[in-house]
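Presented below are the structures under discussion, each in the form of structure tokens.
You will see two complexes here that share subunit A, one where it goes with subunit B and one where it goes with subunit C.
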Partner chain A sequence: MATAIELPTRQRLGRRISTALLLRPKLLLALLLVPPLLWLGVVYLGSMFALLIQSFFSIDEFTGMIQRTLTLRTYAELLRPAHLDIILRTAAMAASVTLAAAAIAFPIAYFMARYATGRAKAVFYLAVMLPLWSSYLVRVYAWKLILAKEGIITWTAAELGVEGWLEALLSIPVIGGTALSVSHVGTFTVFVYIWLPFMILPIQAALERVPQSIIEASADLGAPPHRTFRNVILPLAFPGVVAGSIFTFSLTLGDYIIPQIIGSSRLFLGQVVFVQQGTAGNIPLAAAFCVVPIVVMSIYLTVAKRLGAFDAL
Partner chain B sequence: MDSAVRFRNVCLRYGKVVALDGIDLEIGSGEFFGILGPSGSGKTSCLRLIAGFDRPSDGAIELHGRSAASVPPYDRDVNTVFQDYALFPHMTIEQNVGFGLMVKGVNRRERRTRVGEMLEMVRLEGLGERRPSQLSGGQRQRVALARALVNRPSVLLLDEPLGALDLKLRQQMQVELRSLQRTLGITFIFVTHDQGEALSMSDRLAVFNRGRVEQVGTPREIYEKPATRFSAEFVGDSNIVERLDAGLRSGERGVFSLRPEKVHLSTREPAAREHATSVAGEVADVQFHGASVRYVVDVPDGRSMTAVVGNLGSRAEQPAAEPGTRVWLNWSSDDLHRLRESESG
Partner chain C sequence: MRSDPGRRKAPRALTAAAIGGLLFLHLPIALILLYAFSTEEASYEFPPPGLTLRWFAVAWGRQDIWDAIALSLRVAASSTLIAMLLGSLAAAAMSRTRFFGRESISLLIILPIALPGILTGISLRSAFNLGGIPFSTWTIILGHATFCVVMVYNNVVARFRRMPSSWIEASMDLGADGFQTFRHVVLPNIATALLVGGMLAFALSFDEVIVTTFTAGQQSTLPIWMLTELVRPRQRPVTNVVAVFVIAVTFAPLVLAHWLTRRAEGAGGGGLR
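Right after this comes the complex of A and B.
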């Protein structure tokens, strides 16, 4: 009996809250947005700001103590040839990984968006996403074995009698090395593999939004397939390519595990940040290095916007 | 009359679905040809075959007397105004209209002139720098038209081009399209499910039903002499008269169509019964349409017939009938038109 009386009052309370919120849309918005904004603002942006402020401090070279006075000295250190080298190497790697990923991803995304239906589409989605289900480290170590001097690639090349090509590739200065697993070629290969899904999915989403009738209209107006691709499909898919490249580019800029496991002893940005804030204890320099990807990404997005990458959005 | 498009026993199947089932059709050069039918009757499939987006599963399509079998869409002298307009969202109006000329390698100066002329013709001058998203539905429709016509095609396909427009704008565009077609002399092939539009705009039209052609003819022929029950019921309103005892010349049997406006409704019992047939009934429903009034009358045998009476105002011979009023319907047997049963049922 008690519940029978209580239930309607509860319902009435629920309805009252609903009505109150309905009449005060701003309050509802505030209730929905404040918790995530607090999380994003305080925890994420706050800690990032705390890190960035460190970059304006400097380290006393004798005592190793952090001097809490604002200075640009640490930033000047970034411009030392050894550091500049690291920045340029990382940016070049990120750019080439992005280009390669886009080139490989586009046809796959195109097929998924425009041709695959039903089961085939599901299989493709699964194939693209499946690698993301297993640990990143497992996959990177698997690649170390694949690329090793005793690995399957060297073996296959030898069996096919094309080991000369492999040797020629590895003898190229800077990107080569004694084996794929200890060369920049290897680092590049693994980066492309690991970030590929992040490139395929946005391109696929962009292509899926292009109505079939627009492609037919292009042909109808006299454009052969390659013109339709260049003048219609590519510009409309470009925001997807840019979205994908933001992932591949920024992820490559910041990663410190892949170059550590696969690659030469030449350092990448992420590794320097890792070393400087850890073993070296030079937090200001690590923080200054952290600013680099942010600046590079800002430049990258500005250029992309200038090129009209977001016009079709 | 040269033929612009000819279908020879064309079939189109998607898997097990039959979209077109043996179409034979000839569309003359310079004709304004309407394709009318309910949704799913195969009208749009027909356009897609002419444009080259699909290939017939069987049969052949000829464009200006030549087989189109191996001609891809981009080599056909045919342009389409798409149902959703299919404007390129990333291009300005000027770039949209100039696209066909650009891919054909027409130089920039000539392109500018022709695009300018075209925009003027569809009364969109000054909007060339805008994006499609900044235009209204009616304006987009004109852009789609200009984008197709700037290429001076020999055949223009229009797939329900007025479907998304409101009534006033639609009527205005109907007049404009018609006069544009007369000026340009291009063959227009126009798909619609709106019978009023098809009747008022087409030189000739084909009535489609379930992937087959029910009837081809001028609007007047199709309205006055519907060939099949489907034609009679889809185009305009029709009373299907199956075996009314009165008024049929002796021995005539079959199914007849009788247009409601040819039925005379009277509240007085008719005296003479010479050429007219007559049936008594009771008004079941009165629908006021403004210019006319539609009466649904229950007649014996549990059937009902409709009569449409012009809203004559003070010229009316008798007061309007209310539901429940006893009335007499009569008509001339000349207005009965014998139907053949639809092949596709």
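Right after this comes the complex of A and C.
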């Protein structure tokens, strides 16, 4: 007997599964979401949670053993002057890096958004993107060459006859040092250099969105260019600056590689976390230190959201 | 003219500041290229006393560098594959449907790159300690895949949003089942986005050092090798050569990724017209 055309069994099974899934969109959604959520939930959140729990443990000062009873003692230790110093130093560095990056990034972003066209714009865009994706360590390494005592900066200063300025800069207490590569000035320069693209891109995106008509309207109403810039363009670009600052601030807070390679012996937060969990073996204190950037960034993000920075990302 | 505030010509100070900023971003890299040819062994003397090709040969003969490169490639390839799978699954789920908790899931995907890498690293390390898991290539991959997912996700979700849902409906109306629609309609459309996301994930993993220091144990990926050389320099000229190699390796896929995205965007715009 001739029946309807039989599909091969395998294909029929596939069709049945596909129909079953299409009729139950929630099941399909669950099947799509389960693998990524399982991974991120277990591997990432799970281990993060395990770490944070340990910040409520404490370490026995005599035996060096971790006591697994919940306590706030480790958090109280964060308030010791030496530890507080480290937190404030790191926050001050993050803030100054953010300000400097904004100052350098703004003209680049402004030029990209309002004057560069066609080919020049593509070149600018690629030039800003490339460092973002090229090797972080290699870019830090470049500064080890530049800031070395026998390096190009000392040489240039000597050629120009301004060694005095360099020495004056290095003799400033706290931020100076015996050479640029072992001073806070050096650390600061490298931070600004490494995170600069993160600041340029959001500012540029915000500036791109400022409609030409608003600027024309401001001019038609009699505002001179600098007034238009200050009262129209700058307020509209500000969310972009805040968006960029999220990156520069957060990345500086957590970085422990840069101050380790270029910097003085005064430690930053990331380095302390590294030392405490490693050689010192004080996981609770390391975990408590980890909470600091999380809290700081949560506050920062809440404020940034108020300022409309998320729309500028 | 007041009504056109200099669209064509930028103020000289602005142009100078913009070009100065770009030079600040790129001159340091150029300097490494120069140093790779320096004859000076013990210091970072500028200007280099002489130029030589010797260090390229020395670096070529170093087995530890080859091992580090091989490990980095293995880790990057595996984490990219995992990230491509998980990232596109998440993108498919998030782009089409609205559901309760959607915002928190998108936050969860972004979190591994939004929070400082040191947090991911130390969390994973303490979790491995608690669970008694010994360090291996897989512990490195576990960490890398976690933050690579977002790279693939971002690219693929953007492409999904641009793809009209009517295409999928049309395919179904014409009698294709879900799998056929996926293979002949969805996959060709997201292919370039998936590729670009994969390349970015690969580049990210190949270069990652912060999380890796916590999850590698005694193993040495190329960035870890670089880091040890940076903290305690042993043979500076060899490090210079490796740095040049890394610049060359990262440069190529980036330009390619940029070109692919631009081409895909151009084609998409033309198709919608």
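Some points to look at:
The rule is short, and it goes like this: the second predicted complex is superposed on the first by the 251 of 313 C-alpha atoms of A that agree within 3 Å, B and C clash if a C-alpha of one lies under 4 Å from a C-alpha of the other, contacts with A are read in each partner's own complex, and residues count from 1 in each chain.
Following the convention adopted for this analysis, a residue touches a chain if its C-beta (ideal position, glycine included) is under 8 Å from a C-beta of that chain, and two chains touch if they have at least 3 such contacts.
Note that the structure is predicted; figures quoted are calculated from it, not measured.
Touch criterion met: A:S135 reaches subunit C, while subunit B stays clear of it.
Residue by residue along subunit A, subunit B and subunit C are tallied for touches, and C comes out ahead. Of the two partner chains placed around the shared chain by superposition, subunit C is the only one that A:I146 touches, whereas subunit B remains out of contact. Of the two partner chains placed by superposition, only subunit B is touched by A:R227; subunit C is not. In the superposition on chain A, contact of A:V43 is made with subunit C only, not with subunit B. Look at A:P235: by the touch rule set out above, it reaches subunit B but stays clear of subunit C.
Of the two partner chains placed by superposition, A:A243 touches none, neither subunit B nor subunit C. Of the two partner chains placed by the overlay, only subunit C lies in contact with A:P197; subunit B stays clear of it.
Looking at the shared chain after the overlay, A:L166 reaches neither subunit B nor subunit C. Residue contacts after overlaying the shared chain place A:I214 against subunit B, while subunit C stays out of touching range. Counting contacts as defined above, subunit A residues 216, 219-220 meet subunit B in one complex and subunit C in the other.
Taken together, the subunit A residues at the contact with subunit B in this complex read 211, 213-214, 216-224, 227, 231-232, 235-236, 311-312. Within the complex formed with subunit C, the subunit A residues making contact are 14-15, 17-19, 21-22, 25, 29, 32-33, 35-37, 39-41, 43-48, 50-51, 54, 104-105, 107-108, 110-112, 114-115, 124, 126-131, 133-146, 148, 150-152, 154-155, 193, 196-197, 200, 212, 215-216, 219-220, 225, 228, 250-251, 253-257, 260-261, 270, 273-274, 277, 283, 286-287, 290, 293-294, 297. Listing the residues of subunit B that touch subunit A in their complex gives 51-53, 72-75, 78-80, 82-84, 86-90, 99-100, 102-104, 147-148, 151.
Subunit C contributes residues 2-10, 14-15, 17-18, 21-22, 24-26, 28-29, 31-32, 35, 43-47, 82, 85-87, 89-90, 92-93, 97, 99, 105, 108-109, 111-112, 114-120, 122-127, 130, 142, 145-146, 149, 172, 177-179, 200, 203, 207, 209-210, 213, 223, 226-227, 230-231, 239, 243, 246-247, 250-251, 254-255, 258 to its touches with subunit A in the complex.
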